[in-house]
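What follows is one structure encoded as structure tokens, with my remarks underneath.
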Amino acid sequence: MDILRFDSDYMEGVHPEILRRLSEINFEKNKAYGLDRYCDSAKQKIREACGTPGAEVYFLVGGTQTNAVAINAFLEPYEGVVAAETGHINQHEAGAIEAGGHKVITLPQHDGKIAADELREMLRRFYADEARLHMVRPGMVYISHPTEYGTLYTANELRGLRRICDEYGMALYLDGARLGYGLAAPSTDLTLPLIAENCDAFYIGGTKVGALFGEALVIPRAGRVKQMFTRIKRQGALLAKGWLLGLQFDTLFTDGLYYKISARAVKMAEKLEQGLCAKGYPMYINSPTNQKFVVLEDEVMRELSKRVGFCFWEKPDEGHTVVRFATSWATKEEDVERLLLLV
Amino acid sequence: MDILRFDSDYMEGVHPEILRRLSEINFEKNKAYGLDRYCDSAKQKIREACGTPGAEVYFLVGGTQTNAVAINAFLEPYEGVVAAETGHINQHEAGAIEAGGHKVITLPQHDGKIAADELREMLRRFYADEARLHMVRPGMVYISHPTEYGTLYTANELRGLRRICDEYGMALYLDGARLGYGLAAPSTDLTLPLIAENCDAFYIGGTKVGALFGEALVIPRAGRVKQMFTRIKRQGALLAKGWLLGLQFDTLFTDGLYYKISARAVKMAEKLEQGLCAKGYPMYINSPTNQKFVVLEDEVMRELSKRVGFCFWEKPDEGHTVVRFATSWATKEEDVERLLLLV
Amino acid sequence: MDILRFDSDYMEGVHPEILRRLSEINFEKNKAYGLDRYCDSAKQKIREACGTPGAEVYFLVGGTQTNAVAINAFLEPYEGVVAAETGHINQHEAGAIEAGGHKVITLPQHDGKIAADELREMLRRFYADEARLHMVRPGMVYISHPTEYGTLYTANELRGLRRICDEYGMALYLDGARLGYGLAAPSTDLTLPLIAENCDAFYIGGTKVGALFGEALVIPRAGRVKQMFTRIKRQGALLAKGWLLGLQFDTLFTDGLYYKISARAVKMAEKLEQGLCAKGYPMYINSPTNQKFVVLEDEVMRELSKRVGFCFWEKPDEGHTVVRFATSWATKEEDVERLLLLV
Amino acid sequence: MDILRFDSDYMEGVHPEILRRLSEINFEKNKAYGLDRYCDSAKQKIREACGTPGAEVYFLVGGTQTNAVAINAFLEPYEGVVAAETGHINQHEAGAIEAGGHKVITLPQHDGKIAADELREMLRRFYADEARLHMVRPGMVYISHPTEYGTLYTANELRGLRRICDEYGMALYLDGARLGYGLAAPSTDLTLPLIAENCDAFYIGGTKVGALFGEALVIPRAGRVKQMFTRIKRQGALLAKGWLLGLQFDTLFTDGLYYKISARAVKMAEKLEQGLCAKGYPMYINSPTNQKFVVLEDEVMRELSKRVGFCFWEKPDEGHTVVRFATSWATKEEDVERLLLLV
């Protein structure tokens, strides 16, 4: 019997429209290294979607890579990046930031987010410390949006972080591995233009939102960092056939496809949540995006795991387990319905 | 009017059979990070092709990335890698090796190759130098095969380098970005098993030989380096949808496809060379693979460049230019014929 | 009027006996880079003091440098070092460990120390985590002894950490910037041989304990790391006139000088503590070494600071401040007495 | 029987006047990390000697360390430093520059120097290369003065390099490990102010010129690099008792001591050269500073080595060896005379 898989949002290939176009241009001869017309077109569409006509846009292959390239580009060698202790760069990137020589300075997480007042207090202490020149200077704030817990910053929270960054001369960077699912959440008041207005850099995730692979790094105000092309190459992150990235993002940003497929995944997740709640399963965290964190009795979990794939998250106590169900752009409604029949 | 493009061997997409299979499994749900069945199958086929049942195989996205990961994995921090001055890692990887903390120690190039006697003399001097503990220890020899000039090492030459590496406790690494085109050269006596026997690590290039992207790093004798998975992740080189790489290499190593398409590209290059020679254009270097280096009068070159894409290589003297024509797995015979009508 | 200075233990020059010997041999011609007879002799004496005849000993100039060299030497690129959040490498070394590519993984501090059970729990979680290959592997435990709060590990605590390191394949490293003051504490049951038995590496601090500068890095079981000479040079840590380090440690380890001057400093610190306690000033932390942390009312502190130098430490609440008084090998008893008259 | 030692210029301790002052202030309590009055005074004297009232001056412990800190501070991650193939950073610093992530780009050496026309040609080629964004950008020119062969740049040569650096947006850095001996050469037209005028950074060597240890890094035009204090700390190069460095340079730059002792060393080297020439020994290179490179028949060399210490340099042919005799601030005239009696 088949297993219903809700393990993650990167288990399937690519949106069929992208595959169609890839097939169509398969024998076209394109310029290498992102200097092709598909990249040009995709960049233009992303600039428009962000409301920043002068933005620099770079296409990279994966999230850890994009984080490492962007953070290295913005930080001086003696600077570190502030992140929630649960931030992806702190937990699950195998030390890629430290490999570039930078410390990840952690703050407590609140449902995956950092709190402005704790950030401010940390900075106040740092600048009050007479020994601060012996310490790593906080040079950037990293947030993931949605966070690793599927939660979202509000527009006011983002503006609050921006103000603190301005006060202390720091860059604000947003890891948007699942950005589409965040933008599509019904409750959010964050938009791409608002993110572009408040962040020094961010990336629009493709790998988990309809692309085969690929992330679009946006630097809304051009000229903040020099010679990104060589930086990208130096970190082994320059794709020879860059048009593969351009074509994917060009497709995702045509006719709002990126939003449409994200919205559908969020709707599937809502259906899943409602069904689980109706059956009495409590949510661990209030996530408005495509990841749902559910508390299961261990016995129920073990039984369910024979027929459904999900992701172990954490153990809140003896006897219970938190598991994650993730929908994606490719989730079928019937699979959600089948899942709900099983629980 | 269309331009005939012979600029490089990474201008087209992917072999149709790979595209077909990608389409076929597009909605399959696969395990991430290379733990899927396509990677398993591809690794098995590569092990068989290399005659090394115990080999470790890792799939990475691009060449610079693969070189950086492999070289970092084999070298101690105080070691450097020896390469021809024209070696890709020395010239065109934007300092990716140095970014990992390692010096590239250069030897003169002879049609892109290093000479065993010059390597040996360099090592003799190093170990005779009383100050050698103040110096970077040569810990690895890097060769590209085919070289950046399309030339090939012979089996004897490779064995000779192996012997020197054994004498001096060094690893031997082969950059096979265009390995298929090397293996398909009629004149070569190098085979995959022979490479596997003599090298500590090498990669089989996919990006330039029929894949959308991807390189297969082979470590013929397992256990030489520890925890490659984490090393790959740390360098931002772990593809989330690893099965994309597995499926491509599985296809390339099914029914000898990798060799067939390489052989065809070499045949096209030979046809191109014969045609050019027949018209009196001298070859700059005797390359038996898919890259042909031709000496053109500057005036001829300028005229030709209006209708044909090629790659500027170098200026041997005032009045002449060396240009490169590259064929690939996707080159059409009629395009070669059209080119020969134009020159 | 003169200020009485108790700011730190590195405000004075060097023990007079060292100065005498430096003067005596000033025009001797010595071999460079630590290959001289004074280094040989000092190493021998340190080996004897540690009860480890086969130990490797290296002399370096400063503490941050020694930590960076030692930690880099023991860790694989994908490994990090576990430390208390207040550990010197985490707080006050400007990211020197991250500059070498390694994460500092923090544990809570308890009077500056890490707790074995928290270490074990962290490791248990790490090895239970299915995503651990995406994470930095804990490869070493770092402790400072005395800690940044002047506190000490017991022999049992050290053995406990050793056991955990053995279970999980980790190195144990002890930062002994103030080791003399720790060994001289009346209450300690830790000795040099016991440290040497339980640690994979540690350093005996000179800079703060009677030397002009210098730290002796000890690797009790030889052969754990390769080619330390070149590693040291590569990190810019090789002193040309290495005999300056050898002579200092040779003197400190002749006739127990290192212990004698340390014991005297601890005695001065005890006198200071008793005097302060007698006057009703509470200690913030129970430190048995040369650093005393005292809680002062802010008003008292401000007044005192006009006539006495001390180090601001932290603010436990509005209205009070914790300050540090440090004695050293050079502290005069009359200065302690004068201080006690002033408070 | 005693060996006469001319092996190197860092075999003795320190100029007696420095030792006298060190003894005098041994129990003074000084501020740490170079914030003391001796550093202040020394910096002021160095600024005056350089004719650059606004210069930043930093004191570091050794040459490799100073080079690594300075080069890291000036280069962007994607930039490299151009040096003669015999440059100290390329040969004898164990890869310390690469450890910071930077390539050393080599030029041929001419008696240890680089030639302006070869530098210009290299840069012309780089900027003419369409692939240059895939390459390490030359961001700095490194020269040693005196070079590793004891030779000197002229004022015109230095100005020539400066012009090229200006044209191509590069920094010019001078490694002055033996700068005193260069400034004291009778034939030189280079002065400290002229060096300060033409270089973006340089260091005045102390270790080989009268100090126990120490190098003074000068950045003539302030503000070129940010937060040097933290950069120095991060590289493990911050001396706790910084006043030891300040006092030494304060003494060396009082009453022209640095020049006087350098001039004497050069005079001793001239006497040695004249004596050797008078006896028919040819110089290998025309070095006007404290290092003399002499061609000896192998048999003569072996015999001489029983009674005189010198440094093996290279073998120009079978049967002959080039050896180096180095004088220093501490060389006694009678030792030169005794040496000349022995050859």
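Order as written gives the chain letters A, B, C and D; numbering starts at 1 within each chain.
The definition used in the following text is that contacts are C-beta pairs under 8 Å (C-beta built on N, C-alpha and C of every residue); 3 or more make two chains touch, one makes a residue touch a chain.
Since we're looking at a predicted model, the values are computed, not measured.
Enquirer: More C-beta pairs touching across which pair, B-C or C-D?
Expert: Between C-D and B-C, contacts are more numerous in C-D.
Enquirer: Identify which chain pair among A-B, A-D or A-C reproduces the interface of B-D, meaning that over half of its contact pairs, matched by residue number, are the same.
Expert: A-C
Enquirer: From the C-alpha centres, identify the chain that is farthest from chain C.
Expert: In terms of C-alpha centroids, the chain at the greatest distance from chain C is B.
Enquirer: If you average the CA atoms of chain B and of chain C, how far apart do the two points sit, in angstrom?
Expert: Computed from C-alpha means, the inter-chain centre distance equals 50 Å.
Enquirer: Rounded to a whole Å, what is the gap between the Cα centroids of chain C and chain D?
Expert: The computed centroid separation for chain C versus chain D comes out at 34 Å.
Enquirer: Specify, in ascending order, the residues of chain A that touch 2 or more different other chains.
Expert: 77-78, 93-95, 99, 101, 133-135, 230, 233-234, in rising order.
Enquirer: Show which residues of chain C lie in contact with chain D when the two form their complex.
Expert: Listed in rising order, the residues of chain C that touch chain D are 5, 7-8, 10-14, 16, 19, 22-23, 25-32, 61-69, 93-96, 99, 207-208, 212-213, 230-231, 233-241, 244, 309, 330.
Enquirer: Going by the contact rule set out above, which residues of chain C touch chain B in the complex?
Expert: Per the stated touch rule, the residues are 72, 76-78, 101, 133-135, 137, 226-227, 229-231, 233-234.
Enquirer: Residues of chain D touching chain B in their complex?
Expert: 77-78, 80, 91-95, 98-99, 101-104, 106, 130-131, 133-136, 312
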